[in-house]
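Next come two complexes, and both contain chain A; in the first it sits with chain B, in the second with chain C.
This part shows the complex of A and B:
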């Protein structure tokens, strides 16, 4: 017959193994959730910044480019486009410092029509 | 007689079961919340992009109208309506919305540039609340 101390040790060993296993899985799930949440925040902020730049572009502002910081990373809002006839078309993009394009919007404006 | 103080058999298992349950429940709740946030952001991104794509198309069409001497009946699959000196057209944003543009040739001015709903609005008046019937929960 095993002693009480021996049974307790076996139970403790099994408990530690089960807890370690579930804690490892839960940590992975928490990390993935954090990553998804950060991505969602990044996209949400990028939408606001790109939308704001698009409205500035439509209202005739020349200087569209800007930079901002979100979640410890820096992002650049840039415009690239061309003029074809009376319409200027282009794209406003939000790019991270590592070159990843987070979000982009197609934009266009007329040269000589008052809204 | 001396009384022994110690952890009884099974207590450790109970604590571990409780801890594991807490870990699983909280991690799943966090994951579900993060996924809902991500889905919302993606929908927001898609609707914003759809709007600006329609806005760009509408601007390009207006530019073509201004550049052409005769107003065409259709540009890029969009029907152009002319009533006197007023030209109007609608560009589809998504399944439920369109961008309506009206341009006055005489005043050389955009008189209307707004979103229209293309489908009927069906209000959701069904609120799932408990009506006090205890048997409805069982059955």
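This part shows the complex of A and C:
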């Protein structure tokens, strides 16, 4: 007949194994949720920056490129576009230093007409 | 007897490790949840502040009717509106940790605390260069971010 301590030991070992699996899953979920939250912050800031650049673009400002730091990473706001007749169309993109495009915003304005 | 006590000690140690592991996982979960919740609120306030000011300006943008001014010693964005023969001012400013808005008939006087609360902000700075108003918001966490709003009424007038 097993002693009470041995039975409790077996029960504890089973509990520890079950808990280990649960903790591994929970930790994974926590890590993913933190990563998703960080991504949401990155996109949220990028939307504000791209929107701001779009407003400057619309105002006729020539130089709208800029850089900013968020969450320990650097991002660049850039514009690329072309003039087709009287309309200038393009895209404002927010890119991380590793080349990942975080957010892009299509823009258009009336092109300057030479007198 | 000796074997039994060793087993008992092992079980106790295992139970302690189990308890510490549960506590650790719980604290980690709480820490992540707090961080996610705080980030969510900060993101929401950021979007609300910038979106609100942006939409407010574009919705009421008439030539020389949107400008940066002083409201009871606080820098504010003023949007004027002429209704019949009456001129109304709408002030958007930060006071008491809140983004606030107040609309009133020209000539009347109000205090900053009378404004309606919109969102949580610490400070709000406006800088107008030509037709572009740059809004800088500092939230309660100390995070600062800025955005630009273009006054399209100037474009129409030109």
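As a working rule, the second predicted complex is superposed on the first by the 110 of 115 C-alpha atoms of A that agree within 3 Å, B and C clash if a C-alpha of one lies under 4 Å from a C-alpha of the other, contacts with A are read in each partner's own complex, and residues count from 1 in each chain.
One rule holds for everything that comes next: contacts are C-beta pairs under 8 Å (C-beta built on N, C-alpha and C of every residue); 3 or more make two chains touch, one makes a residue touch a chain.
What you see is a predicted model; the values in this text were computed from it and never measured.
Engineer: So in the superposed three-chain picture, is A:39 touching just chain B, just chain C, both, or none of them (first/second/both/neither)?
Structural biologist: The answer is first: A:39 touches chain B but not chain C.
Engineer: Under the stated touch criterion, which partner chain does A:83 make contact with: chain B (first), chain C (second), both, or neither?
Structural biologist: After superposing on A, A:83 lies clear of both chain B and chain C.
Engineer: Is A:51 touching the first partner chain B, the second partner chain C, both, or neither of them?
Structural biologist: Touch status of A:51: both partners.
Engineer: Which chain, chain B or chain C, is in touch with more residues of chain A?
Structural biologist: B
Engineer: Would you check which partner chain A:101 touches, where first means chain B only, second means chain C only, and both and neither mean what they say?
Structural biologist: neither
Engineer: Report for A:61: first if it touches chain B alone, second if chain C alone, otherwise both or neither.
Structural biologist: A:61 sits against chain C, while chain B stays out of touch.
Engineer: Examine A:19 and indicate which partner it touches, taking first as chain B and second as chain C; both and neither are also allowed.
Structural biologist: Both partners, chain B and chain C.
Engineer: Kindly list the residues of chain A that each of chain B and chain C touches, one partner per complex.
Structural biologist: Of chain A, residues 8, 12, 15, 19, 23, 26, 30, 33-34, 37, 40-41, 44, 47, 51, 58 contact chain B in one complex and chain C in the other.
Engineer: Hey, which residues of chain C end up touching chain A in the complex?
Structural biologist: These residues of chain C touch chain A: 4, 7-8, 10-11, 14-15, 17-18, 21-22, 25, 28-29, 32, 35-36, 39-40, 42-43, 46-47, 50, 54, 130-132, 145-150, 152, 155.
Engineer: Along chain A, where are the residues that touch chain B in the complex?
Structural biologist: Chain A residues touching chain B: 4, 7-8, 11-12, 14-15, 18-19, 22-23, 25-26, 29-30, 32-34, 36-37, 39-41, 43-44, 47, 50-51, 54, 58, 84-87, 89, 103-110, 113-115.
Engineer: Give every residue of chain B touching chain A within the complex, in rising order.
Structural biologist: 7, 9-10, 12-13, 15-16, 19-20, 23-24, 26-28, 30-31, 33-35, 37-38, 40-42, 44-45, 48-49, 52-53, 55-56, 59-60, 62-64, 66-67, 103, 108-110, 113
Engineer: Can you tell me which positions in chain A touch chain C when the two form their complex?
Structural biologist: 3, 5-6, 8-9, 12-13, 15-16, 19, 23, 26-27, 30-31, 33-34, 37-38, 40-41, 44-45, 47-49, 51-53, 55-56, 58-59, 61
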